[in-house]
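Two complexes follow with subunit A in common, the first pairing it with subunit B and the second with subunit C.
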Partner chain A sequence: MILQIKEISIFSEIFLSISIIFLTLHGVFLSYNKFNKFLLLQNSILSLAVLILVMSSFLIFNEHLFILDYLSFNYSISNDYLSFLTKILIGVITIFFLLIIEQYLLDQKINHFEYILIILYSVLGLFLLCSANDLITAYLAIELQSLSFYLLAAFKKNSTFSIEAGLKYFILGAFSSGLFLFGASIVYGVVGSINFDDFKDLFFWLSPGNKFEFLQTNLLQFGLTFILISLFFKLALVPFHLWAPDVYEKSPTSSSFFFAVVPKIAIFVLLLRICYYSFFGFIDCWRYYIIIISFLSVLVGSFAGLEQRKLKSLMAYSSISHMGYLLISFSTGSIEGIQMLFNYIIIYMISGFCIWGIFILTRLKNNYSKKGNKDLGDLTLLKKSNKILAFVFSLTLFSVAGLPPMVGFFVKFGVFLSAIEASMYFVALFNILFSVISTFYYIRIIKILYFEKILVGKLYYPIKTEKFIIIFLFFYLFIFLFINPTFLYLISYKVSLLFF
Partner chain B sequence: MVEHWNHNPKDKGSKPFFIKFMFLNSLSYFFSNIIILSCFMVIFVNNSILSTLFLVLSFIAASCLLFLFECEFIALMFVIIYVGAIAVLFLFVVMMLNVKTINLTKNNFKYLPFAFFVGVVFLIESFLIISQNFKNNSYYQKIFLNSYKNWYDKLDSLTEIEIIGQIIYTHYVLQFLVAGLILFLVVIGAVILTADFSYKNLKNQSSYKQLSRKYQNVLLI
Partner chain C sequence: MFKMILKNLLIYILFLPLTGCLLLTFISSNNKKLLKLVALNFSCLTFICTLFLWVFFNKSTGIFQFVIKIFWLPNLNLNFILGVDGISLFFVVLTSLLIPLCFLISWNSIERNLKEYLISFLIMEFFLIGVFCILDLLLFYIFFESVLIPMFLIIGVWGSRERKIRAAYFFFIYTLLGSVLMLLSILYIYSEIGTTDYEVLLTFSFSKLEQNILWLTFFFSFASKVPMIPVHLWLPEAHVEAPTAGSVILAGVLLKLGTYGFIRFLLPLFPEACFYFSPFVYSLSALGIVYTSFTAIRQTDFKRIIAYTSIAHMNLVMLGIFSFNTIGIEGAILQSLSHGFVASSLFLIIGIVYDRHHTRIVKYYGGLVHVMPLYSFIFLFFTMANIGLPGTSSFIGEFLILVGSFKTNTSITFLGATGMVIGGCYSLWLFNRIIYGNLKTQYFNEFIDINKREFLTFFPLIIGTIFMGLLPNIFLAPIHFSVNFLIELMVF
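Moving on, here comes the complex of A and B:
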């Protein structure tokens, strides 16, 4: 069989997997060796991992989509603009993430070099998930990604909290993977294929609003519901969210940074491929309960966030409510909805990166900080000790809350606009009200940063300039994209148009 | 199953055929009931060795069921992998680890009513949908006409291992490699989470302790 150039598509994944294996061998032979006296390799491995990720993002960037076949590897990998864009986003964000967490790993004495290897593994899983075009590939990619997440959550072996978080994440994740497999097997039993392209070819003639009188599709919808529920488990939407605050709170901060910021986009890509690409005719079936779930998750994310005293669980609830907003624009069923979804998720990743990055970089000067869990009170009067950091933090929070001088306003506005265009007036109205409520806890953090009535604030270790430049780069994007959002709108519009 | 096979006009009334499928049906019901019962026992039995043995029983019954469906290769793999490796591994874990006996039987029934309720609702719903869907062939005389195909002409005489090999190594190469990567990741994770590289607390086998263990006081869950 002659393999043509246009069929070889996933260079970046192949490169990443081979280099992970080489990195493992390198680390094992150097580090676990009596003669080398168990060298600590994690800094050099971290730099190598950054290099590998830069190269694989470069490989993605060089993939010319118009030369490649649309589907490759027996129709199981799709090379479209959606996977291209999301893979680049994930790669770039992970590079900066690795650069930011370096100091934290030193402080927390996470000395095994495998931590970084596992992060690379999860990036590989996310890349595969972005380009998966059938249910088996998607399942394997989800497994690769979530198994590495369980390990990341449980990585700090000497802390019971971390072990508990890992165990909890593992049990619930395994449960949701089981649901995915159950749903996928039902879908396979009914349709006779696992390929998204086949689904599209089989069900293209079902237009929305059809009553399917001549074809019973109950069992298919049953299986589809299970697949969606398992993906909602991974996204931590409301009836399935109970693991999220615990896991975020108890696992090491660098791990929960990664859980919160990076993987959501890949799961949304899979959701888009299932609900829009293959089963768009069934939109009347999945739409209503998706709207209910999004409504509930915005509700719980806004109200339960008011009670939180720890910054990490606060961010967990905030991420739950953001997933709710994303699901609103997901359920509209229009091209504008997908465009707004992408706008929102890109800004969500950037702003989440800023907040978690600042959170991980501020290190208190006392023994208490070794515990790694920060109360909101630990940030009191950050204005006095580090003026620019406080300024950046507060403006990022404004953007997350959706206040006008930042780009967060535009994307939230876009989500509600797409909901109103799809005549979901009540959903839009109530979600705007909930969004006002959730603004309260963002502004409370700003009040703690600036206007606390205490004479003595906290002292922090100085932050390295290189790290702060990264944060400031992302912060600059907020203002730049507010002044000139064309770039954001252009790429998201291209994704949403080329997707169908 | 029986009624379905009787629809075949050639074999109508032929007794050996009917008896064969009767026999296969009853055997498959028998083995699937054994699977369900042993799964229940795995959960509800207090002694963990007994529950592991019930796990082995459920695997063996599943492989028997696969033999009935003529998937010999997968059935043998089931026996070798699950019964041979995993169950023995479980037994080793149970025998070696000195986990203190904790009696959790009281808490077991705390959530039982709610779980029972949810499970029954789920079961009824799935039964309803499945029975609704397979009552009649929804494609029959509708849009997609089923044309008659003699499947025996279409079959190649390939053995099962050949077919699985062809599928794995040509159609699903990528997925096969990803599964290998997942196993690699799991090995790394297991080593990290369990191994302790300091010299102070090396784990040694104390044969006295192992020999003095008895069947009664192995950990209860």
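Moving on, here comes the complex of A and C:
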């Protein structure tokens, strides 16, 4: 007799949420009383959080063993290859993220153990977002994730910078979630269902003679536009990007790290499910403004990044331009488009991890000014303090700029290949010219690392070996993926087959 | 056993510099002598292997030889295919000849970060030999662009003064801007044909409009490497600010990447577009020759004059390439090689004097024949080679180019020859100012003639120039059939 439990499809999420509750109780009872002298618990909670994430990722990795059907909970949770891959990626990167930020938390005196728990809550939200199969589940997951992010941005209560970042993020994020609900309600009003599968059955092949053609009204496109705009807000695309440099600059660096690297893939999953799975028949509607938005993002990301002096705003503009490139391959509407999208976003996550990891690990040693954030000049002559770190940093920057022979060139080439195969020649032409402009600010950082002629660079605290090994692991993955990118190609191909 | 080594010779040539790099990383930075010895040994070993390539080259055929195919991504039809034919053979030999000379000339002049310097040069040698050997369009592009990274670091870190950063940026962004357009055309070709294998591409023919647009994008990329007017601005900056060895490699090999790209890719793949755009290329080349020759007369910096002569000679090579007959293209290849010898040695000459006195301005030098006679002899020899004295290699190159382009278009030949006459003007002026006259003792007091190491640096270049000038058939015989094959592809 086979025991069929309906809730087994979100087993790993249930495990994660129960363990977060346990951790909260553990933390509260141990640290918030005078008897234990208000014990500081971050390190132990951090290790426990890593353990929990490892176990959840293990559960997700083996989900094909106990999850039998792809759709469950009245078709609102889907457990297919796409959700599997993205959940694994998010879990693994968050594990390494938690390992790296340990010293940063001690340094910046973020003494509340709730920081780690909020990160775990946002991971829970991201997991649910990856497997969401209807609009309300997606909205709930986005809200859970965004609320945690607002708290992460505003975590340093004694710094006006941090509070301002949190407030800006909260207001704009809540506004965009409102737009999402507005669009979702219009779509529900027209169609009568909120499920992506129902949308697919109705709208996937829109052609004359389709008996549901009466549903293809302008009102539906109107609602769809609002949903897409709210998702573009989350991704920080032009012209909805104005919050990103401020929030990235002013939040604590570990929070900016998390914002820049981890949630983008989950929101892309939702975008893929909406645009390619449910509303593919409307491709002629959403395709054109995605092309325009991608063009503007690459333009703004390249040109505005030239003026930046602060490192975190520079990375914010660079991630705006990367999202622009992703949207180019998203707008092609072909299998190659989705395949190259996944290639690019996986490499974006890995290289973003390396760069932000290096930002977090290098701590300036100066007693005269306690400024928190790094300028461009703070990396001066890193080659003298730490040759290997400078080498890793410069090769990662070359890859982010898209220069051969790094793997970043390969994925950028893939994006433009999918654009040209879809005959979008002018799009490819202008975007590739703007990519040269953004190359300039990447090699400017390399210039600062290597070329300055002053005699003494800035002093840094030494980096612990195990943190360095993590960065080096990601860097090796980089080099390996250039020599043998077959693995990357295969997983992205398997994902893209899901939609056709 | 020997046959098996011979079959895989290109792999050894490609990966010897990388092995040298690997060994160098294990040697401590304090042991400067060992570092220099290891680097020099590996580069000389590479040179000897390329000599084997030359000796065992089959001169009676135009197909690719020593072909090695390594499968990289077979499902995408992207494979690592190496091979040489007559056109690329001598560029490979030239590259592997110039790198040991670079190490020799920087024996005493590079003090800080010696290990990284040697590693950058060896990695650049790997990429350069790769560019000339690879028979796959996308991988050619990857290696073509990868040369930028070590060169950027060499100019920026070991350059001589503050303007080096501007020079490094110019070099990088000019070349990158041209080549991203080429990337788009490569993607288009890949999506049309399904593979970027060179031998397959040769069998394909594009429509007229496609050819025109693709030709233009390829042209932008190679034109900024050649360099042609008006994208030549990076060359004087980069040459002046780079260290001596960097200038030698830049003038000797990197400029040839552009002309090699023209011969290898542009002529056979898009022949009708070449005919269509040839007036455009003629005017740019003629303009380049005359304008840069006139500009060189007015310069005060020694290296800048040589940089402008490089531009003039390379534009003459462009004239030869677009003459579309055997004599012209053979002259173009020969002039590229001879320019590789002559211009590199002129930069070595300036490097010697710069090592001693640390200035490049012509005003401060004078009467060096009285105190450095051996140096004056070598300087005279290479100045005459630069002008195109019969008996030296550049005469053969220039003569063949002018004969070839006379067949196609006589007025352009006239303009090109005028440029070469002006070339005599500034070369002789430069030589006269520095070598003859009175010693300018108000600036310098101590003079040392060249030592054995520096003389031996020049020795292979002098031998090469004389042999190419007196017995050009040694160099012309291997390339004959390959050039014939190329022209057959174009015309029929």
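Going forward, the second predicted complex is superposed on the first by the 474 of 500 C-alpha atoms of A that agree within 3 Å, B and C clash if a C-alpha of one lies under 4 Å from a C-alpha of the other, contacts with A are read in each partner's own complex, and residues count from 1 in each chain.
To be clear about the criterion, a contact is a pair of C-beta atoms (placed from the backbone, for glycine too) under 8 Å apart; a residue touches a chain by one contact, two chains touch by 3 or more.
It should be emphasised that the depicted structure is a prediction, and the values quoted were computed from it without experimental measurement.
Under the clash rule set out above, the superposition-derived model of subunit A with subunit B and subunit C shows the two partners fitting side by side. Look at A:K447: by the touch rule set out above, it reaches subunit C but stays clear of subunit B.
Of the two partner chains, subunit C is the only one that A:P405 touches; subunit B does not reach it. Of the two partner chains placed around the shared chain by superposition, subunit C is the only one that A:F416 touches, whereas subunit B remains out of contact. Within the superposed three-chain model, A:I77 lies in touch with subunit B and out of touch with subunit C [touch as defined at top]. For subunit A, the partner touching the most residues, choosing from subunit B and subunit C, is B. Within the superposed three-chain model, A:S435 lies in touch with subunit C and out of touch with subunit B [touch as defined at top]. This overlay, made by fitting chain A, leaves subunit B and subunit C with a least C-alpha separation of 40 Å. On subunit A, the patch touched by subunit B and the patch touched by subunit C do not overlap at any residue. Listed in rising order, the residues of subunit A touching subunit C in the complex are 398, 403-405, 409, 413, 416-417, 420-421, 425, 428-429, 432-433, 435-436, 439-440, 443, 447, 450-451, 453, 485-486, 489.
Contact residues on subunit A toward subunit B in their complex (touch as defined above): 10, 17, 20-21, 24, 32, 38, 73-74, 76-77, 112, 114, 117-118, 121, 124, 128, 136-137, 140-141, 143-144, 147-148, 150-151, 154-155, 157, 190, 214-216, 218-219, 222. Residues of subunit C touching subunit A in their complex: 73, 75-76, 138, 141-143, 145-146, 148-149, 152-153, 156-157, 162, 164-165, 168-169, 172-173, 176-177, 180-181, 183-184, 187-188, 190-191. Looking at the complex, you find that subunit B touches subunit A at residues 126, 129-130, 132-133, 138-139, 142-143, 170-175, 177-179, 181-182, 184-186, 188-189, 192-193, 197.
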